[in-house]
Every structure is written in C-alpha cells, then in structure tokens.
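The following block contains the structure, expressed as structure tokens.
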C-alpha cells in the first residue's frame, strides 16, 4: 500500500465512507495471500519491481504446487521456482506444464522482451550452472543476455578478445569460482556496473566459494559489487534493478 | 587506447606516417605515467569512468604528494586521497591546499554538480565515518546524496518514516555494522539498486564486520549487492557506475 | 537431593535411625537410574523443571527403547525423543505406540494444557522444521503456541501486519536462517522476552547457520537472547523456564 | 504510535478535525527526535520497555552530551551511556554531573527499586568488568542483583556452596570466558531462566570470546540462552524483559 | 638403532669384522620393512613403546592385509587396524581371523594384562564410539579401563557420585563433544593426569568438534592436555606413555 | 601473439598487404578455438609451456569428449583430463582409447622421455592418490619421478634413510596431510626447490587439509613453496616450469 | 571435604556432638576464603595437587597483592602470579619481596627440590618466553628441567644430536610456533609422555598460534597431547600431574 | 656431515686412528655452534645452499649481536637479520657497521654478483615493503632483480606493457595483497616458475592477507606456487633454490 493508496483510504475515512475500524482493518490487510505454510507477497512486485520467486529447498512438492498456483492465478508477472529438486519439478510441471526448465530452475510466463545489453561472463565451464540460473532469471524479466563462456584470467587474451563486448555492455555479471580474479579484471576494463558472483567451483583452498567471495570483496578494482556464493538469481535481480532505474529516468 | 585510437594508429602505419617500430612503441606507451614507485593510470579514467584514487596506507607522505601532483597536473578530473593519516594529509595540503578534507579523505577538483537522487542510509551513528567516505566520493563526482542517519532496524518506524525517500531514490547505499539487517529491510522496501556496505562497527560476535558482510550476502531480499567491509569508497564508485549507465542510455 | 531432604537425612542420622555408612551411601545414591549405556536423571526434573529428553543421534534403536521405557515407567512427566531417525522411530513406536510424531521428534505423555501466550515466528517456509521442533516441545509442556509463518524482514508489512500478535505475546521465539534479521526486527517491536533461533537454511555465505548465529549476537536490538543453530528444542525449553518463573511469582 | 493512537487519529480524520494531509504527516511524525547525527527514539521506551541506551564508540563527546541532554530533557526513564571512553565521560559529567559511573558505563536517573531476585554469577575475577556492566544496567531498572564472584567450574565446590542461592534465583546471568563451562553447570542446577554471557577473557585458543560463545551454544544443558561476547548490557536487558513479563502476569 | 647398537657397530668396524662400506649400508638398513606402498616400522616399537597401528582410510583392503601380515609375522607386539571400513575388516579377518573387532577397530595379539587404574569418562551416550576406540587400544596394551558413561556436566551429581572413582584413578581420559565442559570439571576434581578428547558429537555451533577442542584448550583447569577430535586412539596411546613412565621409575 | 608476430603484422599493414580493418580482426583472432561451452587455448601451450588440461568436475561427458577431441586433433602435446568421474572416463575412453588411466586422471600422448631427477615424497599411504596425480602429470611431460612412499616425520629414520635420494634430487615434491611436517623436514635437508602439497588426509583438527596448508606456510624452513590442497597436478606443473628453466639456460 | 571428613562429620552428628543445622553449615563452609573479589581455593591444593596460581590479566594491583597475601599467609605451598604486568609486579614485590621474577611470572616459596628428568625443548629462540614460563612453574614444584633451545625441525641434526637426552627424559615438553613440527618429530623419537605447546610465534599464516595448535592435533605421531597456545603454565602443570602419579605408584 | 665425511670417519675407525667412543662423539658434534640461547647452524649452508638468516622478533638486541658475530666470524657467506626493530638495528650496526639496511632487514657480506633474470612484480605501492625484503635477500645471494611496481590486475595494460619483461624472466616473484589476482594473470602469461607472495595489504575482507593466500592457492593458472603472507624472504629463498638448480645442471 503506497502513499497514494494510503491518502485515498484516509480521504474515504474523512468522507465517512469507511469507518475507522474498517480502515484499521484495511491497513492490516496488505496484499499478500496467506496459504498457511507461506505468505504470498503480491505487493512486493509493485514495491520492488520483482515477482516473488519460490526458493525450493525444504518445501514439499505440494507446497511448491500451491504457491505456484497462487502466483499464476492471482499475479500477472513471471513466476520462478529456483533450486528445485527433481521431485518438486515433476510435481509443478504436472500441475502447470507451460514452463521453461533450466537445470533446477523453472520459469512460467516470461515477461515480454526488453531492450538491454547485459553480459554474463563466466570464468570456466564449471561455473556454467550458475550462469544458467542468472540467465533464466534475466529471461523471466524479458532480457536476453550476451554470454561469454570460459574467459578466465589465466588466459587473458580470451578475455581481451571480448573487450568490445565488455565496453558495450550496460551491466556485466561476472561469474567465477576458485580465486575469482575475473571480477577484478573486468572491473578494470569496463565502465559499466559490474556484479560479481563467486561460485563454489574448486576444491581445497577454494573453501566452497568463500575464497572467491572474499577475494571479490578485497578487489583492487573500484566500484565492483558482489552477491552471495552461487547466487546467479541475486545477480540477475540486481541487474534488473539497474535496468529499471535506467528506464525510469 | 580504445578501438578507435588503435584503428587510427594502424591507418597511420598504413599511410607510412608511422613506422612499425614506432607503432610498436606507441602500443607500449599506453597512457600511464611511471613515477618509479607508482604507475599513474590516466587512461583508466577514460576506460572506466573513474579517476585514479590514491589509497593512502603504506605510502610515504612524499609519495602521496608526488602522485597527487601528477594527477592534478596531467589529468582533468577529480582527485581523491583516501584512508590518509595525519602526516600524509599535512603533506598534501601543504603542497596543494585547495582541497576538501572529510575525516581521512581529501578531495581536489570536485566535478560539476550532476542531477542524481542517491540515498545514503546509515544504521547507527557509529557507522557515520563510512557514510562520510561514501559521500565525499559521491561529491567528487558531482553528486550530493540525501543522507538518512540512524535508521537501524531495531527501531523500524525510524526507517518507515523515510519510506518516501527510499521510494524516490535512484540508488540506495545502506551502511550497517553489527548484524547488518538494514540492507535486507531496505531491499524489501525499495525497487532501486541497493548497495550494502558492511561496517566494522560492533564488538565480539560482530567479528570486525565479517558478520555483517556474511549476513548481507545471506540476505533473503533479492537483488542486493554488497561491497567490502567499511568500503564507503567502493559503494560510491558502484553508484557512479550505475548513474553513468543511466546517463548514457 | 535438595536441602530439605539433606536436612532430613541428617536428622535421621542424629536420631540413630540411619548409620553414617548408610547415610554416606544415600548421599551417593542420588536418584538416577544407571542403564549401563546411560544414566537416566529422574532428579533433574525436580531440579530444573525439565524432563530428560533423549537426543537420538548415535544411539542404537535398542538403547532408545530402553531409555524411553525407563522414563515412562519410573517418571511421571512428558517424554521426548529428538532428532530420531526412521529406524529409531519405528523401534520406539513398536514398543510404546501412544506417541505423537512430528518430523524427527516423538512425544509421549504431554503435560496438561497450561495458559501461556507464546509466539513462534518463522522467517521463511524453509525454517518450518525447526519451528515444528520448538512447537512439539512446547506441547510436551502443555503449551499451544501461536505460529507466525513466513514473516521475514524482506517483506516487512507481513511482519507489521502481526504487530498486535507480537505486542500481546509473553515470549517470542523467532526462527530465521540466512541473515537472521527477523530477530532484530522483532526485538525492536516487542517488549517480551525474545529467543532467537538461527537455522541452517540458506547456502554459500549462510555458512550452514553460522552467519545467522553471529548476526543474531551482533544485533543492535537490546535484550535478545540466542540458542544454538536449528535448536528449536532449546528455544522451547528456555521459554518454559520463563513461564515457570512467571507462575512461581 | 500504537493501535490506540492510530485508531484515535483515524477517528479525528473521520470527525473532520484532522485533514488527510495532516494525518499523513502525523503518521510520519513518529515520536523520535532527529538531532541530525542521531534519532532519539523516545517511543521505544513505551514499545519495548527499555530506554534508549547510548553506545559510546565512534561518537564525539559533543554528540554524547547532546544525546544525553535530549534523553534527560524529553524522557522520564533512566539514561545509560555505555562503552564510553575517558574523554566522553568527562564531557557528559561536566554537562550532567548527577550520574553514577561504573567503569565505562554512566547512569543517570536510576528507576525506583523493584523487587527481583537476579543472580549475576561470574566464573573468574577477570570477568568482573562484564559483570559490572550487567549490574549497573540492572540498577538502572531498579534491580539490585546478588553477585557470585569467582565460582568457575574448575573448583566445583565453590559453585555448589552457592546452590541455595542458585535455587532461589528468578533469573541467573552467568558470565564466563575461556571455555565458558559455568553456563552448562548452572543450567543443570537451576530451574530459572539462565542467560549466558561469553567474555573475551583468556588468550590463544579462547579466540577473544568466540570459543566461549560457541561452547555456550553447544551446551548439553537444555534451555540456556546466550547473548553476545562481553555483552553484559544485553544480558541485563534480557533479564529485564523477563521481569517485565513476570510483573505483567 | 640406539646408541648401544651404534657403538657395537663401530666396535665391529674397528675390529675389522665389518668394512666401512658394509657399516654404511647397515646404518642405512634401519629396521623397517619396505612393502612398496608402505614402510613398516618395527623399530618404532622399541623406540616409543608403541606398535605401528594401521590407519585404515584410503588404503585398499589388499594393502591392509599385507601390512597386518608383516606386523604379525615380523613383530611380536599387539597389532591394531583403526578406522577400517567393512570391506577392509572383511578382508583382514579372512586372512587373520583371531582378532577382536570393536566398531571400526580390529585388534590382534593383545598384550598380557597389566596393572593400571585408568578411567575413561564419557559425557554422553553419543560419545561412546570414541570411548570404545580408546578402550580397545588400551586393551591392546593389556589395560582394562574403568568406564564412566553419561556423566556430563549438565547433571553434576552424576559426575560427583563417581568422585571416589576419579580420586583413585591413575589417568583419566575424558571424552566429550558439544561444549566439552566435562574436561574442566574433571580437571578440577582429580589430581591425576587428565587427557581430554573432544568429539564431533553435536550439531550447529558444535562445529563438528572444533568447539569442544577450543573449549578444552581454553579451560580454566590447570594441567589438562588435549588430543585431536574423536581421537580415542591418541588418548589411549598418551595414557600408555604415562603408564610406561610409571613402570620404568 | 608474441612481439615478433605483432611486428610482422604491422609490417604487412605498412606494406599495404593487410588493411587496417583486417589487422584489427587479426588481433582479435587469437589462437583459441571456441566450442561454445569452452574456449580451447592452443596458444597457452606456446606461451606457458603447458598444455590445456581439462578439469573434469561439472562438465558433461559429452563436453569432455569434445574438448579432448579438439586438443588431440588441433594440438600436438600431451592431453590430460583430471578429476574425472567414472562416467566421464567411460565416455572419453570410448572415443579415444589410446589413453593411460591413473585413478581419476586420463592421459593421452605423453611427451617423449626427458632427463630429470624429480622426487615425489609422500608422508603416508593415505596420501598416495595425490602423489599418483602428480606422477601422471609428470609422465605427461616425459618425466619419470622417483617415489618415496611412507616417509612421514613420525618415523624420522625412514626419511633419513633416503637422505642421498633427497640430496641428489633436482626438485622435491613433498606430499603430506595431517600436520604436514614432512615439508619442513625435507626443506631443511635438501638444497633443491621443494614444492609442498597439503592433502586432505586426516580428520577432525586436520580440517580437510587446511591445517596442513597453513602449517606448510608457517614453516620454519626457508624457501619452500606450497600449492593448493590435494593439488598434485599443480605441483607437477610447477616442477615442469622449473625443469623448463633448467633446460633453457 | 573428602570422604573421610564427611564420614567424621556424620559420626559427630550421630553422636549428638554436632546438630543437623551445624552440620549443614559445615557442609557449606568448604575450605576456601572469600575475599569478595575472589575465592581462594585452599582446598584445591589437597584435591588436585596444585596450588592456586593467580592469573594476572584484568586484576587490579591491589587485588593481586591481597590474593598473594591470602595464599602466603593461609597456605603452605608455592605461590605463582602469572601474566602479570609491570604495575602488578611492582605492587606485589613491594608487599612480598622474597620472590623470583621470570618475565611476567612471579614465584614465592618454591617447593623443595624433587628428582625428575623433564626436558623442555624449544623450536626457536622466539619461543623462549613460553619455555621460561613452563620452567618457572616447574621450579615452583621443585623440578629443575633440562632445556634444549633452538632444536627446530628445519635443522634436524640439531635435534638428533640430543637424541640421548630425549631418550632419557621422563616427560618432554615441546614448545614450537609456526608449523609446530617439533612435536611430531619428538613424538616419533621418544617413548616418554610428550606435551606439546603451540606458541603464537610467527606471522601471517601462523595465525597467532592457531596453525601450530591445529598441526599438533593433526600430528601423525601417536600419543602426543597438547595444551593451549603459549600455555607454558599448563604444560608444566600437566607434567607435574604425571610426576605425582609416578611418585604415588 | 654428508656421506663422504661419514665414510671417511668410518675408515679412520677401521684404521684404528679414531676410537669408537671418539667416533661416537664426532657423530654428535655436528657443525653447529651452541650459543646457549641459539644454535648456529653453519652446516645448513652446505646442505641447503642457504645461510642461516636471523629472524628478529622476540630476540634481545644482545642476542642479535652475538648471533651476527658468530655468523660473521665463523661463516663465510652472506648474513641477514630480518624483521628487526629499531633497537635491534641500532645494536647490530654499532657492533658491525659494514651493513646494508633496507627497512627492517640488515645485510652483511653480500655474495658476488651472479647472472640471473629474476622479476619481482608488485601489484600496488602498498606492497613495496614486502618486495623490498625479497630484493635485499636476492641481493644477499648476488642477484639484482628487475622490479615491476604497481602492475595490479585492475589496470591490465600496465601489466601487458611489461609482457616482454615477463617472457624473458627466469623466475617471477609476484607480490600482491587484497585479492591477489596478479599471480593468476602472471601465471597465465609466463612460462617461468612463478612464486606468489600474498601480502597483508588491504582491510576488511582482505583478512590481513588470508584472502590473498587462499585466492593464490585456488588459482586457475597451473603451476604457480605460494609462500606465506608477507614472506618476501621465503620467496627470494625459493628463487635461489631454483637458480642453484639451474647452475648445477
């Protein structure tokens, strides 16, 4: 309930059309749907520009199905189920089969295409599943990103060969595990907002992504921002926030 | 040296105006100045939209003075000295006194004012030095941010009282130590790009900012990005990258 | 053996009814039952108001059965088996089938209902198993809590819509993984004792609950207390200690 | 602004006494005072039963003085300045000299005495500064605790000699550094709510309190809760929350 | 090869019975058997009083069989295979069936019984597998320990009931997971050498034994020593070193 | 593209044989093959002396087959697939069966034998899989190392018996888990370059190799270098870099 | 109060010489002296064979003086003040000047000399302060240890030159920072009980002693035990426990 | 004492020129000098090619002076005092003033110049003190390295401008703090042995060098080796080991 709606509600109270008790109740009935096990936040879409995405782990297949149904029936935007396991995917596809499935991510009702030049750069082939998650979330919002696969810093010329692509980008999502140096290199080459995603790729001293996360934060390149380990979803959502700002200007 | 310059160089070689050896030398003489102890990267300004900022720690006052001189003399943009100690500040002010000093940050030649609605929200008064760093770096780029001080999550109404400010913001920089929950709350309220800065404020379990950094990455709010601990400079630079994208669109 | 019993014992010695050697033996025979593999502490119930709960991991099904039998036969209060695996649950139910099973927790002989207004607030649906453990332990002590599911801080209005519930609560148990910000928000809204339970929900930077635990301890809200990661049992027991104080006053 | 006040406001709008715009402004003017550098939350006292305590670190002496003045002039409850340095203490005492100073804590306007049996048990003499902080915060709320100093687990009989004191306690605050075992032992002896405070006492493997914090969370005694490292303030505030519940019942 | 043997060798060289080249070879042929994949150190038994124990993990069943054979054939003392998996146990029992199997530990040729009063005290039933490992290693050296199961600090009277046993002990091995407080309590009660074994029992903040290990090192009881997490083998070997000293005195 | 090629390209431009646009394209077409999912860097072999090795994890068997094919068809040097799982190994062997398989490593087209005295010393038999990886990588480059198995520091004479071998070595790769002390001992005995490999062997306080890694870095022996946990591949590659230097001198 | 005294007390109650109330009081008056700020445990000396040592940090000089006085006046054994700062040392020496001062340790009333062959072996000269603490604590108990300085593993022959000393030792205390490998080497050479002390010597990856502590626990030498970082006091106390066992046998 | 000397000794015993007892003593009198507080290892120079360097911390100025004297008087190679404080430097210069002082490092009797092409590449100016330590240690061994200052990855063209220098290098020492990405970039560009030195430069997430250390180990560039944090000395010694191999071939 934004300021305009609040003002309108108060006007109605003033006009006597709505009694104070009813107004109080209205203020409480913010637009979310209580399914018992979950509260679907239709309002958040208006407020933050992002649909409610369903985070799969620890939910029963039945819960997933009912939340997806609520979002498809009572919302209008894209619907995403992330980090789903096979059982969850089978259940939701049986109930709502008009979906796109990319690894453990399921997408219904992608937004209409939108003009944007977003680059998703990936250090190694082992990072591809994280890049896939970022890309399907971007797709959900109507964005088709440019992908640069396997451009890690150990072979700098592979990255430099794509310099034009980087210079043209509006946002660059850099995805890297191990030591995560790709973020620093891209941050030094491109003037665009750079969103770094550490991945859990690597073993031993890679500490399941903690090393890359720390390294990306300790970067000597200025103005890079970082999301959580393997969080392709978060990186895509951050890019969408930036695109939305671009478009509202 | 961007693509256009490279093409021009090659045209000159073709026309015989420049010999191959000279061209080779030109390719090597990329626009940085080698002071012996440091390589001033005038080119980075063109490439990433950001001037070279001087990170004070471990540099002698004399080095600081000479780098500032190089940047003021042979560059045109704003010049920043960050994390400087008293001795360094005294030395650079003696050499170049037309500066603004905010805590340990020194600014010369701020850019002309630029239209932007950036909010710098600070959880507690102890976080203010980090907010100050972010603000002076924004000033350097011509931006005067809106500041929200002392709006931590333990007193939610203080934050909610500023909801309109948050909804109007183009970028929100949220600065918080301890458990860093402000970032999550702001991320759920605002559709703008949210840049979270964990601070080293707090003691014991705050682990000098590591707790806030981890918590901001583990946030349940989608699309928040994070910079390093106490890195007000980095957050401001990330905001400038986003503004630059807005303006180039 | 409390002071009154000790005094009585000494009176018996004085009266010559009990010889010193027997008294010495009595002092040694404190009321626990030694099953060989375990020492059942019937006395603790008197001393701390809590029954002996059986922690399942690393115990054989046979051991579980014999401890449950000892507690049911020689005690009078509720009996709990926690973190049990399927094999253990099958074994104890075969031996004692009058039980309530909630996930990996088994309850026999719940206490008679008791008047108490305890709220169990859960940040996300993935935290529900921990909330379930807390609730069945409260049930064991005769308490039926009010549950608030899916009220995480990223959608503040969902939490604020339950403000009255929080203001009426006698104790609030807040359960959250990821960055655990719910505890801080609740602590700022409610005057009641707030017990925070970090959960292992989340991935990457959530560090299997360590991030939430640290964040809850670094909270800027005063007077919140914390129990171990995923420790719904401990949170419920802490709430019972508080209720017992209320009732003895 | 609680529900009653909100209802009254809406009644005034309905009656035409307050226009919608003014009501909107009222909703925004929640009762805190904005000093520029800090927002004094007079309302929190009503909401959570706790006064705003001033956390000293990173504040200038002048800021401390002005916040203390705001709280003394426009509030009615006790006022606390914690973790203050000498310079801050000198400044606030010069402005408001009717204070009690205990180590780095300053207290004005302690509440009238209140009946409560709170025990503050301290493992070693090195933990006393943390116990002092807890005690002065309890004093601020009208409580005079019973102190047990130097009752660490390495000399169990010292603890057992105080068994009666522990059995009579309404709340026990146990303060211990090093391995923090006191909390477990007290938790097994007493039925009262037990609040454990890990301290940074010890060296090497004590890891500045992290070991004690982890150990207290890994305790095998049920229903113990924990606050942050060296957080005597937080432990006292948690005890006050429990006392308030006792008194409202 | 100890000093006496070295002197003898040199005498033989002097007497001309052994040529320098042969002596050199002798010095190289220290008494271990090289099986290619492993070097069996028959000499260590003489040097440190301990037989070579075979650590199972990462060894093939065939390697286990051949090492056991070498030790049984060319040694005279007890032979231990530890942390063996089912496949390894099956293989070695098929080859050498005169063994005692306790969980993942296999023992051949236990030493003749030896007089010793060693107490193995275990905090909870979940720690029993570690205690079992310690006990079978003690058995290997002819020692039958006294076991105290389930005497954790949360029920102090269970421990105090065994005070006489502790006071009579020559060495106490205390085994505890979670917060590991048993070691401190025993260290304060007994004058004997106390060897503490942290176990990986517990979840969340127990950090798979790291919490108990740190807590045991941060203990406030003087003169306790600690072995590695779950290292019942190491604790038993340390006890044997102490017994050997007692007997050589 | 090295300096000579760049100079030649510029000469061609000068001579008019190549137009600037074509030159620009040439500069972009550095010698790697883009398979879509991976960029095969044939050039790196020329630049760093090492072939592209394929890191198996997270790659589909089909991807592995296609990368191996690219490297075999369009390269000339040895080809390595490391950390492959059974499915990957089956797939690549079906396509290219002229391979050597050592555990999870597959080697095609080993280089011709090369004179080198490299010692691979292994602390325990549990470290052998890491040593095997190092050895097959050395084999790929034509080197047959001398292996010293089971020479851990707990039995110093086993190590000292091989002193001559260590003194003759050109490079020593020391592989050890647990506390990793072998590296320090070898570093003090040998003048050769010593490359230490921490392994994840051990349990509890070994922290899956982190302890050995830290210990090797904290070594008191001067001039030892370290590679990542279990990184036999990296150690071998570092040895090859040293051999290449020896041979180019 | 041991069993004999308890029996006597009960006999007195039986005989009517002591009334139950008085007996109850006696049971409470266990032999410690309550100084208010500290409880001096004279009884512990009888129980664990160790005097109360005073840990200096966080105690005021006045507190130190009064505790020392209590121990000297009402005890008979050695008195130790450890980790004292200059101000504390000045204060206690002014009050009780018949002391031995070794670095930050002060000793009064050393026990009469006792026959014991304890070796204190130190890896490097930087570890000497920790060795000094161990030695003065041994002196307090009448033991004059043999010291081996600077025998770190990087120069194995320095250690091997002292093999006879190690073989003759009854207990070996090995003190080492950095990677702590000395403990493993000594453990493999000597059959005596080996007590390892990690020190905070080293920088960077030595992690202020945590690396050495972990390495000593991950050791491949069987039967080594470890005390806390820099805990020379604890190592000496553990050695005394072992000597006491030797002497009581 | 190497094999040749041992053989000679045995020949002398055979010839009757040396008695067995004397031989035994000779075997014990390995060539180190025992100064009481330190054992100077003159032999290590022969064995490992490196002189004994004196690590300053925790040594008294007098000890430093005496160790330097021993090394200058009874050795012939270069002598280094590292990590010395001002007081230590003053003391040793007063005694032996023919020294070179570079920051906290003092060098006497540098070796005669030696042909070697070693590059010391430094990411930022803040890393220069570590590079200085590496360089003076190289100087001690007769090597004058090529220095590349301020070539961090955030400005890739600064590094690429020095590609020829990197391609010509025999060994590259890369020194970087923060995220340490320089090592990966250099490792991908150069075929030479690359030794990476993480530094403690940076703040917050740089974790005092731990982040750079982990990142360098998790690098995706093959064959890089790493030394400890800020360990310029160790990197130089590793380079010397490699040069020695080159020269002995």
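Here the chain labels run A, B, C, D, E, F, G and H in written order, and each chain numbers its own residues starting at 1.
Throughout what follows, contacts are C-beta pairs under 8 Å (C-beta built on N, C-alpha and C of every residue); 3 or more make two chains touch, one makes a residue touch a chain.
In this text, all values refer to a predicted model and were calculated from it rather than measured experimentally.
Student: Can you list every chain in contact with both subunit G and subunit H?
Tutor: E, F
Student: Applying the document's contact definition, name the chain pair with more C-beta pairs in contact, F-H or A-C.
Tutor: The comparison resolves to F-H.
Student: Have a look at where subunit A meets subunit F and say same if over half of the interface residue numbers show up on both copies, different if under half do.
Tutor: Homomeric contact, different residues on each side for the most part.
Student: Let me have the rounded angstrom distance from the C-alpha centre of subunit B over to the C-alpha centre of subunit E, please.
Tutor: Roughly 58 Å separates the two chain centres.
Student: Return the distance between the CA-based centres of subunit A and subunit E, expressed in whole Å.
Tutor: 53
Student: Any idea how many Å lie between the Cα centroids of subunit B and subunit F?
Tutor: Centres of subunit B and subunit F (C-alpha means) sit 40 Å apart.
Student: In subunit E, what residues contact two or more other chains?
Tutor: Residues 3, 44, 124, 154-155, 187-189, 204-207, 210, 213, 217-219, 222, 228-229, 231.
Student: What part of subunit D is in contact with subunit G in the complex they form?
Tutor: 124-129, 149-151, 154-155, 157-158, 161, 201, 203-206
Student: Please name which positions on subunit E make contact with subunit F in the complex.
Tutor: Touching subunit F from subunit E are residues 1, 28-30, 32, 36-39, 41, 43-44, 55, 57-59, 63, 83, 198, 200, 208-210, 213, 228-231.
Student: Quick one: in the complex, what on subunit H touches subunit A?
Tutor: 123-124, 152-156, 160, 177-181, 184-185, 187-189, 202, 204-207, 210-212, 214-222
Student: Please name which positions on subunit E make contact with subunit H in the complex.
Tutor: Residue positions touching the partner: 3, 6-7, 10-11, 13-14, 16, 19-21, 23-24, 27.
Student: Provide the residue numbers of subunit D that touch subunit C in the complex, in ascending order.
Tutor: 2-3, 44, 47-50, 53, 163-164, 167, 170-171, 187-195, 213, 217-219, 222-229, 231, 233-234, 237-238, 240-242, 244-246, 249
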